[in-house]
């Protein structure tokens, strides 16, 4: 049995992590923390957990958390997360960090996109990126894993194999993503107020979304090329799900069959990547840890379409998958 | 007073056309036709029209329609529409055709994309495309106007000025569109069944949507260049609205300011195009005849974002705008 | 031409009032106020108004407002509204108050349900309730009109005629209402955060919603009986629309036909009440000033179903209707 | 290991049953049938099942099904279901029937509400109603169990204990239910076409919904009184979830506390009934087998509010719960 603590337990990714862990025969949730909710019962913050998890929120120090858990899921906001996680690791527990703090390769890029100094810069570039389909081995032994961003996973899964195989150019890749509103978190604001975002679609953070350097970096790592994407996220009136459409230039003659075969071979043994021939919809993957992905050749340009549940494979499912790898459980435990 | 008949009155574009015309002080709806609904009152098909329009559906011949109306709005399906409209024009009434039948330039392209022989091929290439922002003069005197497709309007409005000014390359333009479900029409099918498309996003007709050659043609006409777009439509769980994101390559050095200024100048006197600095959402334009459009420069690539109400500026509002131009009314009548 | 000022212009009811007034040939919007938005252009708060209304928000005193407008639409919160409106009336302008401040009959009931002392108690009981279908004459000459609540209108329209005709018992009337989220206003909170209220239905304020005494009072006034309702509002994942289902006991033998005939006769000359035989849906009335209403007899109990757009007939459309009556314009102006 | 066959596997309840059974360590899905989908792979009908269930649809006879399965989940339409199920039982397999065929007590009531002769009338009144909270013992040994309707479960759970305790009158009980669209099944029709039912609420089948006699019968069985409800279902623009609000008359003096205590005691040992003090929302129960229920006293009338996931506790979760009871597995297996 592995003891798990969840930091920042009042949000959506924490809720999903809890639901998944409740199905995990080898995981025991031993602490849930929050800095704002006092000593409230978890069910008063997440009514859906009543009768499923009998635990109270606590405001704990890193050493206390490390004393109570073997593995810590940090759903804290960036910057706050790195500070807390560094202390937890030092105190001896292993960490899966849902924030973006350890996803980039160096402190300068981090400072540029996140607009503050990294509190634990030494670990940047050395912390494995928690996408097992690319970095399974490094994840297995790591004290700390950077759980991937939801958009990046949806973009990297289709792009990495095609880049690695040299089928597409690493520059001028368009990544056009459409996300449900839960990706914006649980703090009410005008843009996520129901009558504002319902029955509407809009782009946001065009050209400056923080997942841009993350997609660049991981695609570059996976392919050995210097990848740069033009990333545009859009807000869609639905709870969960991300669909990402990418557009890239083939390096030479390529067929649709070749694109699909390359994806299939790359993910042949992966339990959570489904390379499909039809055009997938986010609903096919909701509440699952799957990424559905396909490719098309349109007027000489490569188009990929991929989708996933932003709260599962885009966050908490990926975390549980990493947890399984880190603690030696079958990778699909609690995720099937 | 101008007498208007509406063909194929049981669908969504017909309903919106009726609502707009009811506000038009110079338009009188004298006939509404349907081949399936027998002699039903319009309110039995569209309950929202009860007490607003007291008229019954009829199954009329072209000559009868022409005898009853000065202007005919055809909401018939393609092919059927051209056949009927040709006869109506011959019988002396003017026509605004909502179908795609007269939007392309030649019979071969039509046959290739619509998979049947055009029933009135002689008018192809001679019928004005009903986007007044580009073809106002031709529309004014035309016996028949090809009302634009919803996706094409959303793509042409941002692209035409930038192409015409030589700011962007005419090839490899990505047009990524997101549309509400009313664009799929009123006939129930599995893909538009609520529990299938709600809470889901998917792409459809990738690489083979029929609006592709229409966008190509009008952008080419507007710019004098041979334009080719990679067009991907997506279905979004909302009633109405289209947001289109385009990605293109600048021809040379260009600034965001230059892009916005070019759009502003092009549409300076246009009552229904709003060039905005913020990122617009479809909700800003719903129930209006506006297109909201902006531009960004992202990593050396031109990104435009535009939105409109697919049933208004994307269909029935455009038709009323054309109607106003054709019959000499102030262009914004019933649309303000 | 009548000059209109709108107080509290950043919310949804103000936005709808503005849109309706823009279509009114005899109304001119001369001031829009807000205490929080500084001197912002109205389009920066409501992007949909760009190019439609060129005016800036101001923070004005009552006397200033009265100097600039003949009629003031107050969309201020309750208590604040009465205080401001009393001063505006004193300064010589007429007022349509969207808040609940003048809807109840006495200061004690007000204090009990709204939990503070009424700032202008003398006008309680003397201010006409702005439901023209019941109080048209009093509205015509009033300096101040209490614009009805959205839920109350949906309940009073079906109940008042049946109560007045003595067909149903005035006690134990169940009013079960379902409302879209715009009824909760524009201030973000957790309950109206998209991922919380989307894909969910819940009841709220059971047994203590402030519209309860308003429904009681107006139904009592309309029927001469002491009416008491059990009112339960529910939040529905949609932007706008209210559907209300009432359950009451017939006083004696009654048929469904008699119920429908009573409603039809009562509303015979009313332009905005549609007594229908089918079961209406809120979508039939969205963006209109109509109430659709029907009745059924189920196992000896009277069931009525009524629906309206909470922002139009439930707020701003009713206000424009009252405005037309107060200033001598045809009642349907800007509402057809 | 228990072998399970699923009849009528192309619909939503079948899909949910499959998903739950895939998590059941003791259940093996050995056959899935469909009369329309030929020999298609289950994933071509339900894309979300790709890589989770590798099986093809078949068109099997009752004896074939009974030869392949110990337990048969019938998701066939009513009438067709009874005919098939009777033959399956005869051939030696046990059956959980999702249709309404065995829920009523006698053939006359069935004929009156379902408008045709019951094909297996002898079993009416003898087949246990699959609500374990009321009929656990009968379910355990039954060859055939009538899986409850979604609306009835939502109404019976709050009403049965209050009726059994004699706290409320058995007559004039109002049951006002709000349901997501998946309850209408997977066959596309105009009323469930997205642009028709999205952004709208409507009542349907008022006074003649077939779940009415089912609620009557089970509440009567549970309380020993002759219960009669006025039942009104409403269609809500969301995928899944039912919230039911009931209104009834207390038999004497009663407090809110007494109501809640009565519910709590009745369901004290039930793993899937959560008696709560707050007002629950359907989202709290989505994807779970819980019913959340509370009670209020409003102006001397008893109001209960209950909610559940119509596809889980309202259908497939209940079926798995019954399966567990019938085959001796812990009742919460695959449902926790």
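Should a chain be cited, it is by its letter among A, B, C and D, assigned in written order, with residues numbered from 1 in that chain.
Simple rule for what comes next: contacts are C-beta pairs under 8 Å (C-beta built on N, C-alpha and C of every residue); 3 or more make two chains touch, one makes a residue touch a chain.
Note that the structure is a prediction, hence the values are computed from the model and not measured.
When chain centres are set by their Cα atoms, the one at the greatest distance from chain C is A. Homomeric contact chain A/chain B is classed as same-residue, with over half of its interface positions used by both copies.
Interface comparison, A-C versus A-D: the higher count of C-beta contacts falls to A-C. If you average the Cα atoms of chain A and of chain B, the two centres end up 39 Å apart. Work out the mean CA point of chain A and of chain C, and you get 46 Å between them. The centroid of the Cα atoms in chain A and the matching centroid in chain D are 36 Å apart.
Listed for chain C are residues 180, 196-199, 237-240, 280-281, 283-284, 286, each touching two or more other chains. Taken as a contact graph, with one node per protein chain and an edge wherever two chains touch, the assembly is complete, since every chain touches every other chain. For chain B in complex with chain C, the residues that touch the partner chain are 22-23, 47-48, 50-52, 199, 271, 274, 276, 278, 280-281, 283-288, 290, 292, 336. On chain C, the positions that touch chain D within their shared complex are 172, 174, 176, 178, 180, 196-204, 206-207, 228, 230, 232, 234, 236-241, 243, 245, 247, 249, 279-284, 286, 296-299, 301, 303, 305, 307.
Of all residues in chain B, only 12, 180-182, 186-190, 192-199, 237-240 touch chain D in the complex they form.
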